[in-house]
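Please go over the structures that come below.
Next come two complexes, and both contain subunit A; in the first it sits with subunit B, in the second with subunit C.
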Partner chain A sequence: MADRAQPIGPGGAFGVAVAAAIPFVILVTTGAILWVAEPGEGLGGADLAALRFTLWQALLSALISVSLAVPVARALARQVFWGRNLLVTLLGAPFLLPVIVAIFGLLAVFGRGGVLNAALTGLGLEPVSIYGLHGVVLAHVFFNLPLATRLILQGWQDIPSERFRLAATLGMDARAVNRHLEHPMLRQVVPSATLVIFVLCTTSFAVALTLGGGPKATTVELAIYQAVRFEFDLSRAAMLSLVQLMITVVVALLALRLVRQAGFRPGIDRQRRRWDGGTGIIRAQDGVVLTGVTVFLLLPITLVLLRGVAEIPGLPGVVWASALRSLGVALCSTILVVVMSVAMSVAATRLGRFSRWVETAGLMAVAASPLVLGTGLFVLVHPIIDPGRLALPVTALVNALVTLPFALRAILPACKTIEDDFGRLATSLNLTGWARLRLLVLPRLRRPIWFSAGLAAALSMGDLGVIALFADPDGATLPLQVYRLMGAYRMDDAAGASVLLLLLSFTLFWVFDRRARDVEP
Partner chain B sequence: MLNLDDIGFARNGFRLTADFQVPGPGITAVIGPSGGGKSTLLSLIAGFETPDAGRILVNNQDITADPPGDRPVAILFQDNNLFPHLDVLANVALGESPRVRPTPATLARSKDALSRVGLEGAEHRHPRDLSGGQQSRAALARILLTDRPVVLMDEAFSALGPALRTDMLELVKTLLPNATILMVTHDPEDAKRIADHVIFVDGGTVEAPVETDDFFANPHDALARYLT
Partner chain C sequence: MRFPILGVGLMLLASAAAANDLPELTVMTYDSFVADWGPGPAVEEAFEKTCECDLKFVSAGDGAALLARIRLEGTRSETDVVLGLDTNLTAEAASTGLFAPHGLGVPEFDLPVAWDDDTFLPYDWGYFAFVHETALQPAPGSLRDLADSDLQVVIQDPRSSTPGLGLLLWAKAAFGDDAPAFWSDMADNIVTVTPGWSEAYGMFLEGEADMVLSYTTSPAYHLIAEGDDSKKAASFAEGHYMQIEVAGKLAATDQPELADRFLRFMMSDGFQNIIPTTNWMYPAVVPETGLPEGYETLIEPKASLLFSAKEAQSLRGAALDEWLTALSQ
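Up next, the complex of A and B:
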């Protein structure tokens, strides 16, 4: 449509400014890194090893997650059973689960004193160690198997139900359905799901921090952290940041083409009637798969809860103080995300054909590794002020930038729908500027806004990234505090703090998301 | 009086020309094949599109450069005429005070308009709780409140059944005796039943209005093809 352009107005101008600020922050931090990096030194052997390890563990994690997800998704797609919707919901939970809590749970199962090793030594077998490559991959599979399952399940749901009916009337068995309907779908969905998970695994700092380490299992981001924290070698940190930046940019560009359809589309908890899941062998096989994945996902968290709930009342004061700090960071970050994403969405809608620029600015935040942003900010501020004093504001800001793409994905399309449905009516009523925002846009955006707020709050609450880079001994957030307690082998306190963190993250999400659900259509 | 003075408009390979005037109050039906330019014509008058050439005048006032909200023109769309999150009263009151909170006087006039369209007592219901016909009535109440001399209806009641649509058109005619109404419709019967004049739009050419009886009594070739 060649509509008369809407005046951009102060609100829209603010949105454009926000959109412009994102590449600006990324450029300034990258500039700071380039300034400090000394390319003469080049990359050492340890740096190359870190690069290799980063790519290798991400590849393994992606391949294993997706190969395990295919049978799980298939079972969910063709079996009807009590608790199916609950299981699908459970598959969405790891996205909000604080990484450090999951790791504590995985240690309780697979760690030195964990359930698995207790069983192995009981049988007279050698205990296994969770640290190193397989630990990192295990944790990544724990987080990404559910995501992969949801993505692939979406593919199954997208096959029109008429085709399954046709297959049933033609008398196709499970194998024929597989060949004619499912394989073509999987060929489309699996590569993009693999790539998404590969991207996520190249930038997952907390897993590498807790389960990696040493010359054989250090990711680039972990090496950056160590260079800043332990060696205080900012030029090496800067070189590594450039390497990480290249990984994320290349992979993000690849991913952008493929990831359009991925996301939180509604409807995957809807069950459709299928006719090919009936035979006993197939039902048994699906039952084993689903039980296995449920145990794999629930056991670690259950163990954390069992161990930690009773410890909460006796938690030391530092833990409570860090919880308050985390709440503050999460709320600031949430407000930032909501203000930025609404302003950017409004600006994008008003700009008409220039809206792609605003959207691209939002997506740039995906490519920015939080730790690289953090390193850049660290380089910038440390000559002026002690970085420890800025730990919380920087964490809130970086968390907001990282969540922004998710919020934009919810808010921007909603904003465009509002304009399509009601834009002309509002314009003909002279409903412009602030009044348009107050009477039309904000009320109709309530649902995506509250949902984004829930996401932002939970993600920021559980984040263990830049804060590790910046925090001084008495400025920790709750996730960092859990990490420190684990490092000090104060496992009871760590368990209690983990449960507290878990409760806070999910409560924040629940409180906000419930408001989104309360909004009437 | 509505006057389109030598209007020329081109977008994406589509061209529209219009040069006509609607002399006074009454209903003028706009009919013609899909894609012929009916909606574009309304968009130009409402101000959603700007013509490349020519002037649009209402009561001899040039409104060509005015933004949509400042024009003496109200519009009813096919759907989405009400904001779903606001109650009926708030929706109607927007017709008078879109930028500030409605005053008690505005609210009183809004209630009055609602009772004139037969919706007394529905002030605090939301659009989703109203039937299609009631929603149309609420939108019409807002048009009454806006009190603008030109009213455009872009297939406004086409989602309603035939009997209900006829009722609504009669209501429009009764309640807006002084307005110049342009009504896009797909149903020539609507035009026969209610319109004083008819404008035929085909292939980007807007013909001058013709009296309804003449229009249907002596159709020219293109019109005859459209009507059969």
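Up next, the complex of A and C:
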């Protein structure tokens, strides 16, 4: 496509404005934080401990997730069995699972009164506690083991099938296949998977909020929340936000240096078949690994469902009110994400070689941690209006910004393909501006748009982050309400509300994603 | 509720209607006060019988978080009365300038100390204590014993919770400059630090810990409400730190007369009668009927400790830093 294939037009200008708005929001919030922070006070021992804990738990979570994911991905790659596709789909589910629901489930399994400790005490062993570092890491592994598995499985699938055929012809056993094919692939894929998970865990808030063990297990994000909500010390919150920003920036730079594209040349894309997964021992070993991971992922959620389903009809009015609030936030955030990502994608395609700027603006949102954005916005609005009144709009906005990169990844390439395929024809027909968008682009973008909408809605529905910072006592969203019910020791209501939250999140995703699937390819 | 959404709608309508007819008094308090089993529902019913108003409780975490909330809301706050601070926070709260002097005549309080605060009024008091199952034998006999033991305890965060702050000052009163050493020794006994009392007590009941930071009066709840005598408060040799819980009127209230009426009601039998069997604390003014049966079984501290409001304010910052530093290692 030539540079500036078509005039930027009002739609494109809107997209550029949106793209510019993101760094603007980030800069303004950072500016507000810098304005309030009083560097003279410096960081206390507890703040340094929070920094250390944030990095340490993220490192442990990433290393454990990835080392467990390698055998799981290997088993999935070399075994064919009934339910394999279902299991791979299941591995995608934790991404959409509201964190607070998963924690409720993990408590049912690993808490003092949980299944595991019942078994341990039954065997005469000491019970284990879920609170503190190991609880935080456990929850992070629960969320990230599936992600790591999918990333690494992708690596396996990128090994051309001819190589496995060749390996089988040469009579290689599992060990030899590992040495010649899998090990080189893992050396490329594992570091980047580890880094991705490390990044995700450095901005952990809800997990540390619920499973942290006091000052010893406090992440920087949690410390920000405590500074605002416990002490109303905005300058301290701002200092901690700067620390969090530094973590994200350093890690992002590291990621850019470290993550390289995998280097297998493409094969001729024939059907994949493995010859090295056949022996009894290997099949048994893979079976154990896959059963283990399935139980680990399904048991907590099953326990939440079992405990909570019957409680739903009797849930108090405040829970339903918070569910309505959450649905409102999720829908607003979804609309924001779709409008922003479509506008930015259209602008990026029209801008030709300047399109990278738009993409970079979208990526900046990845680096912004929700609590840091939230603190900045809090500092900005506090002198003007009670932040509690803005809790829901701010939550919708921050959720949208955080989901935007995922939506852009789906919509932007599709948008470019449309322009490449039909752009010249459309231009020759003088199809420009709004008509071009309506007749050419939007109908062909329906699939990624609906998918992104589903993602945005589910993620926003389950989010427990900024809302905790802003919400006033009677303005909770459903995830915050679940947290409060757990805190008030109303476990039956908490279980019911968790199931409600789970159902709403997945229904939202399913409703939107089904529309994406309905679209003819 | 069978038709929940309809129910929510009706509730909203109902509250809108109520707001039209009657003046509304908003009282901000801690979570356990408004729990179904807490004093909130009974107090609301009793006060609304006489006040021709709509009393609305808003909960915002535990006691110490209330102060952060009020500072956050500032003069914009729609809250009229804050109920649930204690004397460890009153000096700090008064220095925000957000509270108004109560200006009321006060009754004879049944408190262990003389009351001369012109902004805040007490409604109940008690002693902090670690509560455990009677089956736990031998229970530790002092804070020092506890720190040296292998027992697992749940405590509250002093930044958000008044019991948490109470323990901080308890350690300060008992150990003075050696408090950091006490906290270092306690670090391995602490399962977790919760933001509020409700979370901690819930975890203890769920079996997540051997002991929980609560009050000498907590076993009365199990005894009186549940007929269960399996919970006990451990008596500590250093003495027990005292808590006097207070309420105060915000300067920016739009219902000053109603707020005054509420504060007067708070010190009367109508309110004080409710306290011992819902908030499970000693009433600030013992009602005519006396304390409920069962309270005589509670332990009496060997010594009671309490810093004045001013001392607590000046000690708090440094004590908090010591606590954070010791527990974050």
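Convention: the second predicted complex is superposed on the first by the 499 of 521 C-alpha atoms of A that agree within 3 Å, B and C clash if a C-alpha of one lies under 4 Å from a C-alpha of the other, contacts with A are read in each partner's own complex, and residues count from 1 in each chain.
Here, a contact is a pair of C-beta atoms (placed from the backbone, for glycine too) under 8 Å apart; a residue touches a chain by one contact, two chains touch by 3 or more.
Keep in mind that this is a model prediction, so the values were computed, not measured.
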| item | value |
| --- | --- |
| Which superposed partner A:T432 touches (first subunit B, second subunit C, both, neither) | first |
| Broader residue contact with subunit A after superposition on the shared chain, subunit B or subunit C | C |
| Partner chain(s) touched by A:F232 [first = subunit B, second = subunit C, both, neither] | second |
| Touching partner for A:F422 - first (subunit B), second (subunit C), both, neither | first |
| Subunit B versus subunit C as contact partner of A:V80, first or second or both or neither | neither |
| First, second, both or neither for A:R444, with subunit B first and subunit C second | first |
| Touched partner set for A:G212, first subunit B, second subunit C, both or neither | second |
| First, second, both or neither for A:A13, with subunit B first and subunit C second | neither |
| Shared subunit A surface residues [contacts with subunit B and with subunit C] | none |
| Contacting residues of subunit B [partner subunit A, same complex] | 11-12, 46-50, 67-71, 73-75, 77, 80-81, 83-86, 94-95, 98-100, 126, 128, 146 |
| Contacting residues of subunit C [partner subunit A, same complex] | 1-2, 4-5, 7-8, 11, 28, 31-32, 35, 58-61, 64-65, 67-69, 71-73, 76, 152, 155, 157, 159-160, 187, 190-196, 198-199, 201-202, 205-209, 321, 323-325, 327-329 |
| Sites on subunit A touched by subunit C in the complex | 44-46, 49-50, 53, 111-113, 129, 131-132, 212-216, 218, 226, 228-232, 313-317, 320-321, 324, 382, 385-388, 472-474, 484, 486-489, 491 |
| List of subunit A residues in touch with subunit B within their complex | 2-4, 421-422, 424-433, 435, 439-440, 443-444, 520-521 |
